[in-house]
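Below you'll find the structures, each written out as structure tokens.
Both complexes shown next keep chain A, but they swap its partner, so chain B is in the first and chain C is in the second.
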Partner chain A sequence: MIHKYTLWEKIGLYSAIAVFLIFVLAPFAEAFMVSLRPIESVFRVPYQFFSDDMTFAAYVDMWSEVPGLARYIFNSFFIAACVTLLAIVCIIPAAYSFSRFDYRGRNSLLTAFLAINMVGAAVLIIPLYKLMFSLGLLNSYWSMILPGAAFTVPTGIFLMRSYFLRIPKELEEAAYVDGAGRLYTLWRVILPVALPGIVVVTITTFITAYAQQFLFALTFNGKDEYHPLTVGLYQFFGRERILWNQVMAASLVGTLPVLIVYVFLQKYIVAGLTAGAVKE
Partner chain B sequence: MGQLKLSGVTKTFGKAQVIRPTDLVIEDGDFAVFVGPSGCGKSTMLRMIAGLEEVTDGTIEIDGRVVNDLPPVKRGISMVFQSYALYPHMSVYENIAFPLRVARTPQAEVDKLVNRAADVLQLQSRLQHRPGALSGGQRQRVAIGRAIVREPSVFLFDEPLSNLDAALRAEMRVELSRLHAQLGNTMIYVTHDQIEAMTMADKIIVLRDGMIEQAGDPLTLYHQPRNRFVAGFIGNPTMNFLPVTATGVGEGGVTVRGEDGAEILIPVSAEGVRTGDTLSLGVRPDDLHPGEGEAGMPLVPDVVERLGNQTVVYANTRSGTPVCVVAGGSEDVRPGREIRARFDPADAHLFRADDTALARRVDLARLAALA
Partner chain C sequence: MSAGTEHQPPGPIEETAEDLAAGGRRRRRRIDAFPYLLLIPATILTLVIVAWPLIETFRLSFTDARLGRESYVGVENYVDIFQDDFWEIMRRTFLWMGLGVTLKILMGLIGAVLLNAALPGRALFRVLIMPPWIVPIAIGVFMWSWMYNGQFGMISGLAQRFGLIDGPFEFLAYGTSAFLATVVTDVWVGTPLVALYLLAAMQSIPTELYEAAWTDGAGRWYRFRRITLPLIAPSIFTVALLSAIWTFNSFDIIWILTEGGPRGSTTTMIIDTYKTAISRFRFGEGAARAVMILVCLTAFAGVYLALMARTQRTDR
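Take a look at the complex of A and B:
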């Protein structure tokens, strides 16, 4: 479709995008600016966006102020990666089964999964604590990985299932006629075709896992060396003052892994990998 | 080898019986075409032969072996899908090689077989491309390549050309006929396009509502349709049907009176017809010619399509029955100006009130010699 926008429509579109971007990015910009200010200047009145005393000192000092910082960042990344791996291993076969096989209770099972998601982790935290306690998993990485995976699986199944549903049934039938078994077909035909979907699910799971670990870490883990960054940031608190500039610096550095994962995987999110499979 | 035999095959989905008890034999090396309107069960029939759909009742035999419970590969069939169903992440080479990879064929053998298939289908220069980079016709050839590389005894085609444009379809039709002549395997082909059926088939099976209406070679179906449905389905444009009344029955045929009062003697077997019966007169558009003759009717043209080599005239009789006439390319016919159309009574068909045909006197032996 060829559609030329008038000048006013263009101005309207761009200002809407600008408003949206400002809304989303302003906190990051302010966080970055705070991280550049010396602690005395953070609450300066009147407010100054740029000032002469800006410095990267916080990015250097934070490592010595909180010696475990690198470990916390690693933990965050490690836990989120394990959660993602575990979740994907569960999501793919489950979603495939939901999308392809017909059995009793399939739809109610799917609804049940989504209902659990609605209840949310916060409500279930006490029963989960008891569960972790009786399994003897408290104060270990597992106590953060297992619930993390459990709560990302339902959404993942739902996303992955809708992706599988979009893969034409003829592809499997063709493979079946060619003599391939179910597993061979899944491995050689369906998964490669579903790769963009798998990447999307991986990214969303990773981001969710990275963001949600705070609750599990705070509740199930008491060991400092296993804490993720979200809990570790509290080390900057509670002395005579809060080192806001270093908190911001550490937070920004902490978001880097997510950014790196995203940059690394986003080239696989390409529409049209199924192009040429079937005529639509 | 590839003789296919269906005995009493039925298929029900829930309570709906989509295939009614069917018996059919397709001989080794035949090019058989299932044809019928959408929803007639032709694809279901093919999928049952392929092993993608379970048979509710009856048996399917290939080369004398009951294959009801065997997977497709063990039946010795391969199939080309309407949507091609190519693996988009694999090269053309790997697509064609897929059945061999599944069977763990040694690489040297794979190379040889894939190259041979590519030669037959003129895909040599495309082997390293992905399906996404190919045109519709090439994709269809890849799908065919994947089917022939395994050298099955029966090929199944599920409307393989319906996604191609008209020119390419005509080209692929010729290629498929050539392929059949070259390979000599049994081919079973499903289509709703009667031109594909007529041009390629050794044997056409016309289906309606899950039942075989007629099975036979194309010219038999064209000249001796068993009933009005087959007569209307085979041939393009479709046969004209005019209500007539039988006024005389004898050795020479049945004399009928049309709505304009003229009486015509149609040379058909008069079996089961009595004077006064209401019948249907069937005349193909190509058998109607503008001009006076012993049998004919006045027509008022409504729409005139000039195709260059011929003129297709959509007209109405005086009482409003639509009639189509295929006339010469430079015939002087204009909408709204009445013409007369004549036909040879020997070319006409007669159908009883229950739609069954009265047997025509056609020298089928002479026609069979043409095939």
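Take a look at the complex of A and C:
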């Protein structure tokens, strides 16, 4: 058959996959190994991948030696959740509007939203800094939530729109015939049908919001108690002696929840990501 | 829901529905506020956080703004930029982007081919390839910065063990190796998504094409070259363009690994702007540098949007 591979092809493909995965996963493996070492053997020559003094001590000690670690992890989740909530409130009505109605300026507006995707947050950092300064939002959660949400909205609109486009128009027409108002129709007829799409958009927005929190926190927030995990740990980089084992342990612990979510929902996330991106 | 169904041409039923809806709309012809009202939340957020800052960047670039005071200085900032080593930074930025995007597309293409191979374990491979995209970028970069450590890191350690280098090699301490190290980390972060997009494009190719070619005796490589590559070429182009824009805008990776050093050898336009504006609080000069970035981005965006407009027209 067409999909039948010869033995040599199989060996070739699997070795290529192995090399690929080593590149992708090596930093995680190394981070995990470092997190298992006492700090003296982290700084040891010659290099060893395995050693016999492995311990989970760093996972215990870090909570006391990295003050505020629990708070950083909470902040990361809190900021990502707020970003997602704010973004979704913007995304759903806008995507519905773009997918269902025909009006003057629709295409130019959609294009304008897409164009935002071109501008990285770092380019606008100066006026954003001034904006946060004059609104009195420096050193607050808002200084990370507001820009975080604004930069995830365009992609979300795009993705959500592709889900709305797939819902047959007859559904709304039937509701209108029955005398339902348009807001009521959106709320009670369309949203329930679009729920799978909404879930995908919510999850991808959350993962993006969780993954990209560094720049705004680094620039707009100087208060330690509001820092997300990324900047919280980054502060340790300036120190004389970095407790690498604990930094790695904390990194892994802070990442684990999103990794687990991803493993369970990866089918939907992958479908959602690729649906919006390649076609359009 | 597999991505494959997305790419089938619209059936006749959908077209009829579209026509009907359009006809219905044509009948009641009055300006309808509802669709505009739906756009309000997204528009307000975007105007405040993106549109206004864009305009403000241009305005500030003609001032000598610091925090709390500013006065108009004309094009002085732009004159100053070109007296610095701006061309060098620009050349470096494009080299960094070009190298990164090329490698991401190549690796992504290889990854997509491997993910597409009908082998047992494919589902697991698909899960295992994504972590670089899932973890916060900064945390992935923390891991890399340890990997690059000369004394105790994995890369230098293994290279010594296999006799590739004599002593410890501090990757982030020398210009060229630091530059390449930041590229490698950027490729690591960006490859999974590229692979995923290209995989989706490959899976949208009708299998009949392959079967027909196979019946005619075409080998695997021939089928890849004559069917897969031509058909995913538009996707490759789109992904390359998007990836170029993202890479151009990239900040976290370089900042965490090197902060633009050593001696400026990893300073891209973004890093340069950030240093000028935020580290030294020279908003005016920084804004002029940001405008130069926006000029470059506009060129990319123009190509991208032209491409979009074309695909949207074929959607109808």
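The definition used in the following text is that the second predicted complex is superposed on the first by the 221 of 280 C-alpha atoms of A that agree within 3 Å, B and C clash if a C-alpha of one lies under 4 Å from a C-alpha of the other, contacts with A are read in each partner's own complex, and residues count from 1 in each chain.
Here is the rule we go by: a contact is a pair of C-beta atoms (placed from the backbone, for glycine too) under 8 Å apart; a residue touches a chain by one contact, two chains touch by 3 or more.
Because the structure is a prediction, the values reported are computed rather than measured.
Peer 1: Output check: A:P168 vs chain B and chain C. Expected answer is one of first, second, both, neither. What do you get?
Peer 2: both
Peer 1: According to the contact criterion defined above, which of chain B and chain C contacts more residues of chain A?
Peer 2: C
Peer 1: First (chain B), second (chain C), both or neither: which does A:D178 touch?
Peer 2: A:D178: touches chain B, not chain C.
Peer 1: Just checking: does A:L85 make contact with chain B only, chain C only, both, or neither of them? Give me first, second, both or neither.
Peer 2: Touch status of A:L85: no partner.
Peer 1: Kindly classify A:A57 by the partners it touches after superposition: chain B alone (first), chain C alone (second), both, or neither?
Peer 2: neither
Peer 1: Quick check for you: in the superposed arrangement, does A:K10 touch first (chain B), second (chain C), both or neither?
Peer 2: After superposing on A, A:K10 lies in contact with chain C but is clear of chain B.
Peer 1: So, A:V193: does it touch chain B (first), chain C (second), both, or neither?
Peer 2: After superposition on chain A, A:V193 lies in contact with chain B alone.
Peer 1: After the superposition on A, what does A:L21 contact: first (chain B), second (chain C), both or neither?
Peer 2: Touch partner of A:L21: chain C, not chain B.
Peer 1: What residues on chain A does chain C touch that chain B touches too?
Peer 2: 168, 170, 173, 273-275, 277-279
Peer 1: Touching residues of chain C toward chain A in the complex: what are they?
Peer 2: These residues of chain C touch chain A: 1-3, 6-7, 17, 20-22, 24-25, 31-32, 34-36, 38-43, 45-46, 48-50, 52-54, 56-57, 60, 67, 107, 110-111, 114, 117-119, 125-140, 142-147, 151-154, 156-158, 160-161, 168, 188, 191-193, 196-197, 199-201, 204, 210-211, 214, 220, 235, 238-239, 242, 245-246, 248-252, 255-256, 270, 273-274, 277-278, 283, 286-287, 290, 293-294, 297-298, 300-301, 304-305, 308-309, 311-312, 315.
Peer 1: Please name which positions on chain A make contact with chain C in the complex.
Peer 2: Going through chain A, the ones touching chain C are 2-3, 5, 9-10, 13-14, 16-17, 20-21, 23-28, 30-31, 34, 42-49, 76, 86, 89-91, 93-94, 96-97, 100-104, 106-107, 109, 111, 113-131, 133, 146-147, 149-151, 153-154, 157, 168-170, 173, 182, 207, 210-215, 218-219, 229-231, 233-234, 237, 244, 247-248, 251, 254-255, 258-259, 262-263, 266, 270-271, 273-275, 277-280.
Peer 1: Chain B touches which residues of chain A in the complex?
Peer 2: 168, 170-171, 173-180, 184, 189, 192-193, 195, 272-279
Peer 1: Spell out the residues on chain B that touch chain A in their complex, using ranges where they run on.
Peer 2: By the definition above, chain B touches chain A via 50-52, 71-73, 77-79, 81-89, 98-99, 102-103, 130-134, 136, 139, 146, 150, 163.
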